[in-house]
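Have a look at this one.
Chain lettering (A, B, C, D and E) follows the sequence in which the chains are written, and residue indices restart at 1 in each chain.
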Amino acid sequence: MGKRHKKFKNYIDKKAFTSPGTLVYVGKEVAESTIIKLVEFNHEFYHEKVIKTLNDCRPPVKENQVAWLDVDGIHEVNVIEAIGKHYSLHPLLLEDVLNTSQKPKLEHFGEKHLFVILKMLQFNSELNQVESEHVALVLGENFLISFQEIHQTDVFLPIFERLKASIGKTRRGKADYLFYCCCDLVVDNYFVVLEKLGEKLEELEIKIVEKPEANDQNLLYHFKRELMLVRKAVLPLRDMFGTLIREDSPLVQSTTNVYLRDVYDHILQTLDTAETYREMIENIQNIYLTSLSNKMNSVMKTLTVFTAIFMPLTFIAGIYGMNFDNMPELHHPNGYFYTLGIMVLITAALWVYFKWKKYV
Amino acid sequence: MGKRHKKFKNYIDKKAFTSPGTLVYVGKEVAESTIIKLVEFNHEFYHEKVIKTLNDCRPPVKENQVAWLDVDGIHEVNVIEAIGKHYSLHPLLLEDVLNTSQKPKLEHFGEKHLFVILKMLQFNSELNQVESEHVALVLGENFLISFQEIHQTDVFLPIFERLKASIGKTRRGKADYLFYCCCDLVVDNYFVVLEKLGEKLEELEIKIVEKPEANDQNLLYHFKRELMLVRKAVLPLRDMFGTLIREDSPLVQSTTNVYLRDVYDHILQTLDTAETYREMIENIQNIYLTSLSNKMNSVMKTLTVFTAIFMPLTFIAGIYGMNFDNMPELHHPNGYFYTLGIMVLITAALWVYFKWKKYV
Amino acid sequence: MGKRHKKFKNYIDKKAFTSPGTLVYVGKEVAESTIIKLVEFNHEFYHEKVIKTLNDCRPPVKENQVAWLDVDGIHEVNVIEAIGKHYSLHPLLLEDVLNTSQKPKLEHFGEKHLFVILKMLQFNSELNQVESEHVALVLGENFLISFQEIHQTDVFLPIFERLKASIGKTRRGKADYLFYCCCDLVVDNYFVVLEKLGEKLEELEIKIVEKPEANDQNLLYHFKRELMLVRKAVLPLRDMFGTLIREDSPLVQSTTNVYLRDVYDHILQTLDTAETYREMIENIQNIYLTSLSNKMNSVMKTLTVFTAIFMPLTFIAGIYGMNFDNMPELHHPNGYFYTLGIMVLITAALWVYFKWKKYV
Amino acid sequence: MGKRHKKFKNYIDKKAFTSPGTLVYVGKEVAESTIIKLVEFNHEFYHEKVIKTLNDCRPPVKENQVAWLDVDGIHEVNVIEAIGKHYSLHPLLLEDVLNTSQKPKLEHFGEKHLFVILKMLQFNSELNQVESEHVALVLGENFLISFQEIHQTDVFLPIFERLKASIGKTRRGKADYLFYCCCDLVVDNYFVVLEKLGEKLEELEIKIVEKPEANDQNLLYHFKRELMLVRKAVLPLRDMFGTLIREDSPLVQSTTNVYLRDVYDHILQTLDTAETYREMIENIQNIYLTSLSNKMNSVMKTLTVFTAIFMPLTFIAGIYGMNFDNMPELHHPNGYFYTLGIMVLITAALWVYFKWKKYV
Amino acid sequence: MGKRHKKFKNYIDKKAFTSPGTLVYVGKEVAESTIIKLVEFNHEFYHEKVIKTLNDCRPPVKENQVAWLDVDGIHEVNVIEAIGKHYSLHPLLLEDVLNTSQKPKLEHFGEKHLFVILKMLQFNSELNQVESEHVALVLGENFLISFQEIHQTDVFLPIFERLKASIGKTRRGKADYLFYCCCDLVVDNYFVVLEKLGEKLEELEIKIVEKPEANDQNLLYHFKRELMLVRKAVLPLRDMFGTLIREDSPLVQSTTNVYLRDVYDHILQTLDTAETYREMIENIQNIYLTSLSNKMNSVMKTLTVFTAIFMPLTFIAGIYGMNFDNMPELHHPNGYFYTLGIMVLITAALWVYFKWKKYV
């Protein structure tokens, strides 16, 4: 939570109380510089270049081709500002691009730009932690701009490779189909993350059913939080895409709509799976608590059996340890052995009694 | 859960990150080959054949008869692809047919095809487990295509037999009535599954009320999960059929609508029953937890009674075990017997006290 | 639950997988034969007869009078079928009439028939159980058909008597007003049942607050289930009548609408009362659980006080029971009495301490 | 609860199964007779009289003045019936006026009468109980009829005094403004009741945090119920007034609408406060339960410390109480004192150990 | 809670039962007098003055400039009344301005005034308490009136400074943009408050996971309440701004609408964060309760181990402390040492047993 909280704190420290529309990057500081890739393609040709000067990233002029501007790294405010100017993006849009603590949203800026913020999730198996990357997409009439916090690898790599490799549906499609491909990729990743979380949860469940330990509970809460993080990344998408497929945006062709409906369907399924895991966590928690009660019961029974058996015996030994002058039993030649016999009998009787009461 | 999780994992491994519309079968591997049955009928004749070459499964041409293509097994992608081509089905439709982890859904592809995914459930009494089979239906103007994961027996057998047997309502009906019959069969099965789950639950309830044991809780959670599985199979159907009977699909005649309303009604009743069982499980769980507390109380009382009775007695014995030179009682001829008498009195008094406090 | 479950099981065994529209009675077997009463009336005359042959129960021909066909017993399928034919009722309607496990519902069959299924409830004070009777009403333009599972007495007796007795509102009304009277009667009965359940609950609450016992919990769950049964009978009525009073059915006059609104209001109030009782049960349950904890605390305190007082005393006695050669205290003439004194002091000190800690 | 339940029981006994529209008073029996006050006023004059014969309470004829008929006591059915006849009120309206167990509701009877049932609440500080009075208002074009169960004082007294005192807004207003004033008064009272409940709750909270006792829990549940009673009186008002201010009733002028919106706002705030208190009760309950657990822990620790310290000591004393012939330590001159020393050391070591484990 | 409750009590004491529209200040008594600042500006000039006589605060006449009347302190009823007269504000509007216990709301008074009540929150780090200040905004065609309870500093100071400093967007904007700036400022503050609450919660969580103490629970409930306070301040804003951005108010330009949508987005994010913290509190609470159970288990195990080891040993010592004449073991020369050896063996065996059972 610490790291995530820091992000939110960053946002507060850097952003609150500035004049609205002021562009401030609120993510963590990154040393590397922004990499901007411009891809232009249609079903006939494909051209990819890395942009060096900001002037090169102007919007495309040719009607029959799609331009994709992929911005890797959003910590250089002046770069984002320049792109904003070239494509005449609204200042509030740019503000949201830079605000890495912004939750997912979809907004129409006039009929020119469709703006979407998504969270790309990755499961870090070492730390058992879900890592989130801020991704923003701007869909224009014949272009798509994608912004991402810089990471080791470009999240959209599979799409680039698909575009380069062959003249498939993606190459033949317009900017809106490319937009769909990007959303689909992000949403498909949610399945992968959930699947890994689910595996960890099943391991934990088996462990808790077999031998619960005191700190299993903390681990369980850790997973609950990670799951909540996934849910928070996906939940807003349900409304966003639910609205998008119902309304008639001029930027989205009706043939693409059926594909967006498919993304919507995957979002629902992700939420469903997340819900299943949430219920699973709750069940494990209940099993843990019940096992605590069962254990307590078992400890209490052990204590009771020991106490109930040895108390009477010790008492009898105490009786014949008394120093009264007149205690006839003491002088009987077999008194000691009779007493031991009685003790054995009492023990046996109590043992049977506790056996019957299921204490032992 | 393990097996189910595997299914989901299969989906992730095989399907995520492929280009959209790529057909991949994600179910478990099956050795047997696909069986395709084509039934053509109207109120006058009935003809059934098993299709050998994929070319034979073309859509029907005669207007006044209904064609039913029943595809048993969906693991051969090329077969599904060929059928898709013959009937000009949308690639996303075929993707969903193959995706056995797809949750139930209803989708209109234009005005030509009504596409429905259902889950056929079976209760495996040996494993106390609900087993789910992926079923897909495509309703066209005068044909119905049904896809099912291959299993020992065809799930639609009762309908085939009814068709063959006599010229009833099903023979006289159109493709939409046949579609209704298939849905009705699947939904009726939910009652059967729930009924068996309910029987098991009642047995468990009686057992837990009578003598709760430590691992009853795990069994209870097992049933909770199975019930959840049924619920997850049925819940989406409520919206699907709720929408279907409200909207005016050109593929569904108004006379059939009243029958679909009946299916909708059965779906509601299934959900109702599932809800009742969920509440029942919760109640059993509470009874279990309370019985744990009651047992703990009873153990504690046993311990307290033993301790409270023998402690004073042992103390008195200890007193007269002391070696002081001057202890007048020790020399009284009946001191020993008086002491024993006092011990009996104390025991009696404490017994009465604990009786009154309802400890014994 | 057993009996109820049986009903549901009956339904599964007899009904599932038959062709839709097949008429099968699913209630329990009854020996007595069906009694059909036909009442014809308007504000001028009243005529009542018991029908012997099924041909006599044809729909009325005279416009200015209301016909009420009261069918007592639905286990004779051929009788129901004949009535269905005479009044041209839809097969699915008849199916629901016969299906005693069908939950309450309201359905329009065209503009000719308004079909309602209700559950008549009775509280069996001996078994502390709510008993449910399946009631179906079919409202036509100038007739009403009522179906009921046969019982000792006709549930609509008060209405018959009111009709016979005088020319009141019911006699002057049309079939829709009669329909309202029947619904009103059933709904009013819910109040009676809830009132009796409430009485039992209050008794139980007082008992549990005063002296909770181990099996009170089971009784509480029993009432919870009975209450749930009432709720399940009433809940669907809210939507049914909510819709009925909003929509403009040709079978219901606007003057009757205000009365149906009154029924709707009573349904809301019933649900409200049921909700109150549900919360009451939850509260009693919490009180019960807390009292278990309080009792455990009290048992533990008793144990602790006994242990803490006698342990030091027994230890001191043990000290002076040791057999060391050189133990000067033993030879002091008043050593024994001093020791006893010290023991009394220790006991007093501990007693004060536990008094202060509120243990005794 | 007993008293309230009785009210409900009364309703069942007297009202159920009577023909609809039959007027029966279901409240508790009252000896005093009904007091009817008729106030006529406009901005120019104010006239108030107590009505002796029922004929005097006819509806007003003069257009430019408002008539307010205040009926104190609803147990004389014939009086209510007469008023109903004079003002041509619907029989179901009168039924609801008499039914003191009727929950709050708002109903339009045509365009002539707006009918509202409210619950006037009072907090009885002695019994810590909320007392509810049934109030009904009928708004006509230029008159208002108010019905109330008879009580020590007229609930609308402040409004009468305001009317009499000066030509304020109320005098200048029409019947709908007067209607608003009555509703406002009732709703303002909810704040007072909640405020007193809140005070009691805060006292209880402080007590429970400081020293929880076994029967605090019952007190808490008592308050929970009283709060629920308030909530049940207010909750229906939200929908009632929410609808009233949205729809365009001919009886309510648009200038009055803004005032009704204010009442609506107060209702929301009341519900908000009730919700806060409900959460507060839940929190107190949790604090109580946790404090029980904490106490149990502390009792257990006391027990463990006593047991763990004295058991080893008693054991050592037991060792040297054995009567073996050959026990060299016994004959050592300082054996006794060495043994005592070892006992002191063991006690100290255990004490330090339990101190470290936070047991003491 | 005490202070807050007082506020509510004040409201009840001073306000309930007065005639509607009567202006009464219900906040706490303040000695300082009201400060009224009037700022007039457009993109060309900026003029600020402190108003001395109430006549000076008349509405602006010049069309092309914006007037902002900032009223610091609302305890002087006559001042508020005068402003109300000058700007012809509705009496109910003024009532709400003065009512510091009024929850946030947005109301249109005709097409002339848009009225908004907000709660400015501040986190008092010393008392760990959220402090709330009542803020009211009235937006007219070319003016904005802001009311605030007097405090050390003006909450809108940052906006004044921004206006004075340079000709930014705020100077160039109309009254509606200024209105947006004020709302944005208040909403941004919620993030700051939540961030501080979050920090405190994380500290508490770490503490409870490491070493839970009895009164941590009370602290947790304290934070729960503070969080609830924030939620109660923010929740109504969601609907208020949700409605504002959908509807077409003549007072809000369409260019400002996109900014209000941004505020709306921030409100959603605040609620989201509050929800996250609420879940966090619940989790901490569960961890606390489970840790109590775990601790109890550990105490019980300690007790059981001590009892189970020393009881048999003491019993054996008791045996050989008996005074029977004939006890052969006593006379064996190594009897004592053999007995000690057996005791060591028993201890070792029990130790191993409890080690295996994970008791030690």
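One rule holds for everything that comes next: contacts are C-beta pairs under 8 Å (C-beta built on N, C-alpha and C of every residue); 3 or more make two chains touch, one makes a residue touch a chain.
The chain lineup, named per UniProt: A, B, C, D, E = Magnesium transport protein CorA.
A quick note: this is a predicted structure, and the numbers were derived from the prediction, not measured.
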Seminar exercise, completed: Output for shared partners of chain A and chain C reads B
Exercise. How many angstrom lie between the CA centroids of chain A and chain B, rounded to a whole number?
Worked result: 27
Seminar exercise, completed: Cα centroid separation, chain A vs chain D, in Å, comes to 43
For this session: Mind pulling the residue numbers of chain D that touch at least two other chains?
Result: 293, 296, 300, 303, 307, 311, 314, 318, 321-323, 327
For this session: Under the touch definition up top, go round the ring from chain D by way of chain E and list the chains.
Result: D, E, A, B, C
Problem set entry | chain A to chain B touching residues, read off their complex | 158, 162, 168-170, 180-181, 184-185, 188-189, 191-192, 195, 198-199, 202, 209, 258-259, 261-262, 265, 268-269, 272-273, 276, 279, 283, 286-287, 290, 293-294, 296-297, 300-301, 303-304, 307-308, 311-312, 314-315, 318-319, 321-327, 357, 359
Problem set entry | Touch list for chain A against partner chain E, complex | 1-2, 5, 8-9, 11-12, 16-17, 19-21, 90, 92, 95, 102-103, 105, 107, 109, 214, 217-218, 221, 224-225, 228, 232, 285, 288-289, 292-293, 295-296, 299-300, 302-303, 306-307, 310-311, 313-314, 317-318, 320-323, 327, 329-331, 333-336, 339-340
